[in-house]
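The data blocks that follow each hold one structure.
Two complexes are shown next, each including subunit A; its partner changes from subunit B in the first to subunit C in the second.
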Partner chain A sequence: MKRRDFLGSLGAVGTAGMLSTPALLSSAGRAFAQGNDIPVGLLFSLTGAVAVVESTLHDAALMAIEEINASGGIHGRQLRPIIEDPASDPATYADRARRLMIRDKCVSVFGSYTSASRQAVLPVTEQRNNLYWYPTLYEGRECSRNVMYGGAVPNQQQDDLIPWAIENFGPRFYMIGNNYVYPKEENNYCKTLLKQYGGEVVNEEYVPLGHSDFSSVINRIRSEKPDVIFATVVGDSDVAFARQYHAAELDPSKMPVVSLTRSEVEVKAIGGEAAAGHFSSAPYFMGHATAENEKFVEAYKSRYGADQVTHFVSEAAYFQVYQFKAALEKLDPANITPETIRDAAVGLTLNAPQGEVLIDENLHTHLWPKIGQWQTNGQAEVLIESKERVAPKPYAAYPGQSCTGQGLVKA
Partner chain B sequence: MSSKFQYDLVALVIFALVVAFGVPAVMNYDGFELNTFARYLALAIVSMALSLSWGTAGLLNLGQAATFGMGSYAMAMHLKLRASDGLPDFMGWNNVETLPWLWVPFESLTFTLLAGLLVPAFIGGLIAIFMFRARIAGVFVAIITLAFLVAFQLLFINQQGLTGGQNGLTGLAQMSLFGWTVDPYSMGFYNLVAGCLVVALAFGVYLTHSKFGLILRAIREDADRARFFGYNVASYQTLVFCISAALAGWAGMLYTLVLEFASPTYMSVSFSLAIVIWCAVGGRESVIAAAFGAIVVNMLEGRLSDVFVEGWHLILGVIFVLVVMFMPRGIYGLLSDSVRKIRRIRRTRDQRGVETFPNT
Partner chain C sequence: MDVIANQLFAGLSMASILLMIALGLAIIYGAMGVINLAHGEFVMLGAYATWALQTYAGIGILPALPLVFISVAAVGWIVEKVVVQNLYHRPLDTILATWGIGIILQQAVRLGVGAESRFVKGPALLSGNTEIGPLIMSNYRLFVIVFSMAVLAATWVLMTRTEFGMKLRAVIQNRAISECYGIEAKRVYSITFAYGAGLAGIAGALITPLFSTIPTMGTGLVVDAFLVVIVGGLGSLIGSAAASVLIGEATAIFSIVINDTLGRIAVLAGIILLIRFRPRGLFPTETRR
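Then we have the complex of A and B:
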């Protein structure tokens, strides 16, 4: 482009803005054919700080949508995914969610990894009575009638884990987490369980998000000699923590890290050698042996590359689209609104890769908690699988409060 | 000087008319579009605030996002208290038992509105006194303000029981102003934000063309010379810093109303740098151009991300690089250069006319 051309076009953009040319100002997408397809939003960050994880959620959800479309859609109608990139920024999430829900008239939006981004989307979702499908494990204590929670809440990750850890390694827990609401809530719940099973907290420590130097933490762990390191460290921090823990030659068979947040994605970055021997609690592991999971993993790998991994959040991002499909199939095609979809989804069961999941009337999901031990190949060996499906109790740490089909009830 | 003032006044009137009547008409008075545009207008205020300190006084404040965040949180605290009976929910998560004293006065809207302006002004003033008393100038102002921003954000996120930490303040009530409940998707709300922007711009135009503005420009060009003339350079710099911070706080309050939540990302380095970019694209020498820059860049960002979901960041980055290379003074520079050129051509033509007269 010649300089003058560029300046000209830039000037044109400027004047266009000044004169309020419709092309730039009003939405180009207004003329969407309302026709036969069903618009759904995908709101996962493809760029920015959390893109490494969130793009895998995007991939999994998009794969489910295209599978559904390839097999004839829902009632013969195709799903039309509208993709937005909120760039890991809560304000952008809020802005893009408005676009999807108000302008593009999506009947549902699938999105978010972090709690911060979910909460940024909540105001518009609730005000417009739309439906937001959130696949991530989270801290609980939320009871929106407009969010479908596909991930685990504290009781689903910890009820089996804590007694098991006390029995196998000992009662002295060292809590290490990033400094935000998720680790704090998980630790609150863990403390109530420890009290119940005779465990104790030797230290409770929080490092800033993105923190990457754990030498002082590891020194403290050395001197405290706890039995279990109870970790709620996320993302890059967890990768740094695991590597430094390994480099400090702390023995996982004596002092294992039991994590609620470490999945195949983090282990891929940590390296199998450093992650091996430690544990994670999650409803899904990539190595889980069921026909549904094999199908899911194979489809994912053949589509996105053999080196890609599936994990407990991408699995939920995947099965939530199928829950959405199952709900729509129950509905009269003329009467598809976010509200009817929600009501139809309650009580649905679905054979997900992790096992048969059920949507509770509180819009959280009944899941199959598992405890896995990481191996040198980057996969987890599932040691314990809960015998029955565990119901979600988002207010488990708070006696007298429970999330029901009518919203939050306080006794 | 006075002709420039006239230009600015004309630009301000055109700008006000377009924003107040043109934009809503083009958007068919659609709630969603108005809300989106109101967001741009709120950001335009913080951009014009930066142009006061950067463009007029030559003080590049990379901590503008901190004062913006203070305003935003002041408003969010008030709305959070209105939304919750008793203790806000996130305090329970952090095992806070009673309402912290810092929160108590935010029950009052009047206090909140004042705090949203005065707290940023006060904090900004404090830093300014430290910097300008010590005669810190140039790139060091940028470094100190940037360091302050990083420290402030870290501190803010760490005080979870007070601030909601990483998640920020969500689940807010709607503001009610003299019995009018502010619905962020209404024409009334749009008018409120547009009105605030126009008032802020009028104030900015007045300021830059006043004697105060003239002295600031003198300080920008040569601080020592201004000092020799007997002006107290530090107090002028401090004052413009305070004003800029208060305006940023004002913008922050409006931003919370638009998006219905406050997040610590409003105080992030990347947001602060984004403000600098808007200001640079529009032209930092004029408050109107800076506001215009914020609107154009944000609009462009919105449209680009709509059309090119993948790679919109890259395109935007290339545009910024090109702007800096070919229009270092922004859109304003482009306009004022062309105005000057036209004038020169006219003048030479006139002169030629005068010169040729006696010969004929």
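Then we have the complex of A and C:
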């Protein structure tokens, strides 16, 4: 580098530094949403490994925000989405959440797909006493007063599923999952249900995240001959598993894969032919027939392309924005803080695409569990619909502990 | 007993995939001393090329193989001409440069094609299983095993029975002296790099029906390929073949004896031990650099 170039670039750095200093200082106040619009953060990865799913959550949430703005906003004020890309890195999630909550004074942040990223943001949102809206199904065993959980917890996915699977296919379960907290907690809860309904676990197995060769697993399944494959394999691992399972010509009518994690996104990559006949348990499927869902799917497709799919996490990312709106509408526009939003949101009901959902005082969501069977066209046919809305019990596998409006209570 | 037989086949199938991926890497490293960290992305490009040919031109995987080979080899050739050729005497810089190229290719595919996993249909001809007593073998996996052996044989013939192979071996042994005899080392290098990239592309095409096709798929694969190359001995074809069988079978056996997660750790520990006692791998080639 020539000396002149060096001085030049030094000068540029210096100027940029001076320009940014006053901006930093002026954001020291703690007042929320004082302007003409309401700042909300969107913290979904648009790049990196998780972007495959998370970009669809971003799209769904952004669509809800723009729909709300197009219909006049909230109390006449527009929502101002502030978009950050944490690039699939948990430490970056925490950093960007801090930026959204402190510098941009967001009254709420919508974000995250993985538990790892939610747990990275958790100390930030608790410290700032802000609200983090988390749309994904997850393993439970968490009870923060600063996170709004929009997805299913184990009891909402499994209470109907396990007795149904035992009755229809048999009691011998083969558990296969990726090696991290979500599959282990789900299997943990599954085992308590199996004990209750007279099922048994023939094998419990975990493969590393991103694992792509399932020939050993399939050999073991073939020799164990279980009745049900209980799968909590995620992402591309699940795609590889499903394709190899199909290639090995294992018959879904005798040994179905019952998955808690397989959605329309994965099935699109697996291919309808290989996915057909297997099952998933979720509160939402794209083919679910309600007026709200038709509207949601149509809006999503016309916006992002006819080949796009909606799924059980993007649905929650979408309806959570509307829950946020409903909570704000109950509030005095001069008194909008994360805390008042949270208190207003408790007990709210909303007609979501899956059915009418309710926010529990423990900040998890009452949902409508469904069991769907995948078809060759890549859509699920909903076979079983829960007769009633199921309450979230994030500590269902841990007797004596429950998540309440006062936080975690241990008996 | 049935389990062991089936598991040995699973190991062989894993070995064939490893070999397909590692072969290109071994040739590039062995011939040029270039550690090509973009190799995984060449595999990924091969997978996406197959997807594009199937989706937009309706060409199945098997007829697409030569096209994929040529197109990824062309990408490799361009990368070699534009970047790698300028860095032959700076091995550390090549690592950095190829790593950067890998990131660029990955993001380019993400931006151009999209981040979501793509679906590639396997060949209908090769669906189903062949059963011999208790042994159940997927036809497609059998095909990959046979194909990888054929590629190994073809590469061996190319290296030992052709004029190009002779020139390449001469350049590997001593670049300066071979140039004195009129061998154009630069050209030999370009072709070698393109050939290695093309092999990676074919590997990508062959694994799409089994794995999921996403922009980051190469990152994990290239690690396994490096293990094969290191265990086999740098630049040795026989070494790569032996190492992939060894690693594939060891993974399969450990996976049935313990489980996949601990099995993976056991394999890595085994490789570390092996390197401790045979630092140049199982079949080191005698070269002068």
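Just so we're on the same page, the second predicted complex is superposed on the first by the 377 of 411 C-alpha atoms of A that agree within 3 Å, B and C clash if a C-alpha of one lies under 4 Å from a C-alpha of the other, contacts with A are read in each partner's own complex, and residues count from 1 in each chain.
The definition used in the following text is that contacts are C-beta pairs under 8 Å (C-beta built on N, C-alpha and C of every residue); 3 or more make two chains touch, one makes a residue touch a chain.
As the structure is a computational prediction, the values presented were derived from the model and not from experiment.
Undergrad: Return first, second, both or neither, reflecting whether A:253 touches subunit B, subunit C, both chains, or no partner chain.
TA: Once the two structures are laid over each other on A, A:253 reaches no partner at all.
Undergrad: Determine, under the contact definition given at the top, whether A:71 touches first (subunit B), second (subunit C), both, or neither.
TA: neither
Undergrad: Look at A:103 in the shared chain and tell me whether it touches subunit B only, subunit C only, both, or neither; answer first, second, both or neither.
TA: first
Undergrad: Taking the superposition as given, does A:179 touch the first partner, subunit B, the second, subunit C, both, or neither?
TA: Touch status of A:179: both partners.
Undergrad: A:47 contacts which: subunit B (first), subunit C (second), both, neither?
TA: So A:47 meets both subunit B and subunit C here.
Undergrad: Please tell me which partner, subunit B or subunit C, touches more residues of subunit A.
TA: B
Undergrad: Return first, second, both or neither, reflecting whether A:119 touches subunit B, subunit C, both chains, or no partner chain.
TA: In the superposed model, A:119 contacts subunit B only, not subunit C.
Undergrad: Considering only touches as defined above, state whether A:211 meets subunit B (first), subunit C (second), both or neither.
TA: In the superposed model, A:211 contacts subunit C only, not subunit B.
Undergrad: With the two complexes superposed on chain A, say which partner A:90 touches: subunit B (first), subunit C (second), both, or neither.
TA: First partner only.
Undergrad: Taking the contacts subunit A makes with subunit B in one complex and with subunit C in the other, which residues are shared?
TA: Subunit A residues touching both partners: 47, 179, 208.
Undergrad: Over in the complex, which subunit A residues touch subunit C? Could you list them?
TA: Listed in rising order, the residues are 47, 49, 51-52, 55, 179, 205-208, 210-213, 215-220, 222-223, 235-236, 239-240, 243-244, 247-249, 265-266, 268-271.
Undergrad: Going by the contact rule set out above, which residues of subunit B touch subunit A in the complex?
TA: On the subunit B side, the touching residues are 14, 18, 22-23, 26-28, 30-33, 35-37, 39, 89-90, 93-95, 154, 157-158, 160, 165-168, 170-172, 259-261, 263, 265-266, 270, 292, 295-296, 299-300, 302-303, 305-307, 309-310, 312-313, 322-323, 326-327, 331, 334.
Undergrad: Under the touch definition given earlier, write down the residues of subunit C that touch subunit A in their complex.
TA: Where subunit C meets subunit A, its residues are 2-3, 6-7, 9-10, 13-14, 17, 107, 110, 115-119, 121-122, 127-129, 136, 138, 140-141, 209-214, 216-217, 220, 251-252, 255-256, 259-261, 264.
Undergrad: Going by the contact rule set out above, which residues of subunit A touch subunit B in the complex?
TA: Per the stated touch rule, the residues are 3, 6-7, 10-11, 13-14, 17-20, 22, 24-29, 46-47, 83-85, 87, 89-91, 94-96, 98-99, 102-103, 114-116, 119-120, 122-124, 139, 141, 179-181, 184-185, 188, 208-209.
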